[in-house]
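Heads up: the structure comes next, in structure tokens.
When the chains are written out, they are named A, B, C and D in that same order, and each has its own residue count from 1.
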Amino acid sequence: MIRVSIDPAPIELALELAALEARGAGGVASFTGVVRGDGGVTALELEHYLGMTEDALCTLAEAAMARWSLFGVTILHRVGRMGAGERIVFIGTAAAHRREALDACAYLIDRLKTDAPFWKREWRGDSATWVEPRSSDAEAAERWQA
Amino acid sequence: MIRVSIDPAPIELALELAALEARGAGGVASFTGVVRGDGGVTALELEHYLGMTEDALCTLAEAAMARWSLFGVTILHRVGRMGAGERIVFIGTAAAHRREALDACAYLIDRLKTDAPFWKREWRGDSATWVEPRSSDAEAAERWQA
Amino acid sequence: MDLLYFAWVREAVGVGHETVDPPEAVRDVADLVRWLATRSPGHAAALADPARLRAAIDQRFVPLDAPLGDAREVALFPPVTGG
Amino acid sequence: MDLLYFAWVREAVGVGHETVDPPEAVRDVADLVRWLATRSPGHAAALADPARLRAAIDQRFVPLDAPLGDAREVALFPPVTGG
């Protein structure tokens, strides 16, 4: 089961995790990205490529399902403006055993960082700065190329 | 912040994850172990070494806090009898960035499997079998020795 | 050909979408970037440094030397920063 | 000395806890296992194969050749299977 959603609404975790557990999994791994309020950031704004984004996330989910034996993959990404402490992204994976679930979860967030058309802008009061990609993100994605 | 709990009561995820996010984290990783109902298993029973267990889990949490830069670690383990689909164990980690949170989460569940005094018994109707450790668990724990 | 711009590329160009009909000499994405840069000061500013740009053709990421072929939709944008 | 047994070791011995006063020749956990095995058929069955046993002294995991020293609490059990 693949579930992908790109939505301006807040991400709710409890139902998402319960749905993954209900797939008969022995292990469910998750990663949640949260807006950090440090460096004076008052809000984060997420722009995306409407039309391409959903396909890109489905392609990632399918790649994970092909690479590991998974019962379910959920990828949720919020778009629009959000404040410190709010969730930006949620990855959830369900598998019979922990290793598949954990590895697939790490794979999906690493690959999402480089393979999905989102752009992040930090707001500090009235001034906004587009976030530069981190070179560590490209390296993290590359370690899954094997 | 370290939170460790060994409890016969069901594990509730939403509050646990929200508490980790509230530590100012940029990333929260989690692993949830769930009772699988395959192989005719009707219930799982978890026995533990009262007194030692909590210390063992706190020691693991402290080791993770020392090894990675973490804002919070939560380890919850259920004991007693539980049915298929119920949660056995929850690991949650909060960090500024995803790599620390994901690695620490994988470390904690791998080490918990070999370093905490729990014993699992599978019930199939009226007959019970003690679970044998998997050799892959020892290998998974060893990869963190470096 | 539909063009889409995102993030600071969109801001510098001044629009998120435009339709263009590039000359035949424009064969790959890099050609397109050079040709577009001549359309306005905003385009010029947005597209001055191709090393900072990434591209998609018909909603698939491509390198800048990818041929345009029968592309209907070309998007230009900075490296992605989601998640 | 307090002894604790868990899982199938506890079931085979028949109790989860007992207090014993081993002779001086019992110096390490392996000695203790051999000495305990003589106490009852249940002990003998539980402790027949030391390779299947793990131990803790005063609530810390130890190898079977660990000296007992001033141990107040020794636990014997199968390899752990939590998580």
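The rule we apply is simple: a contact is a pair of C-beta atoms (placed from the backbone, for glycine too) under 8 Å apart; a residue touches a chain by one contact, two chains touch by 3 or more.
These numbers come from a predicted model, not from an experiment.
Asker: What is the minimum number of touch steps required to go from chain A to chain C?
Answerer: Steps on the shortest route: 1.
Asker: Hey, how far is the Cα centre of chain B from the one of chain D, in Å?
Answerer: Between these chains, centre-to-centre, one finds 26 Å.
Asker: How many angstrom between the C-alpha centroids of chain D and chain C?
Answerer: 72
Asker: Averaged over CA atoms, how far is the centre of chain A from the centre of chain D? Could you give it in whole Å?
Answerer: 48
Asker: How many angstrom lie between the centres of chain A and chain B, each centre taken as the mean Cα position?
Answerer: Inter-chain centre distance comes to 23 Å.
Asker: Could you pull out the residues of chain C that touch at least 2 other chains?
Answerer: 83
Asker: Counting only residues that touch at least 2 other chains, which ones in chain A make the list?
Answerer: 33, 98, 109
Asker: What are the touching chain pairs in this one?
Answerer: A-B, A-C, B-D
Asker: What part of chain D is in contact with chain B in the complex they form?
Answerer: Within the complex, chain D contacts chain B at residues 4, 6-8, 56, 59-61, 75, 77-83.
Asker: Can you list the residues on chain B that touch chain D in the complex?
Answerer: Residue positions touching the partner: 33, 46-49, 51-52, 55, 77, 88-89, 109, 112-121, 130-133.
Asker: Within their complex, state which residues of chain A touch chain B.
Answerer: Listed in rising order, the residues of chain A that touch chain B are 13-14, 17, 21-22, 24-38, 85, 87, 96, 98-99, 101-102, 105-106, 109, 136, 140.
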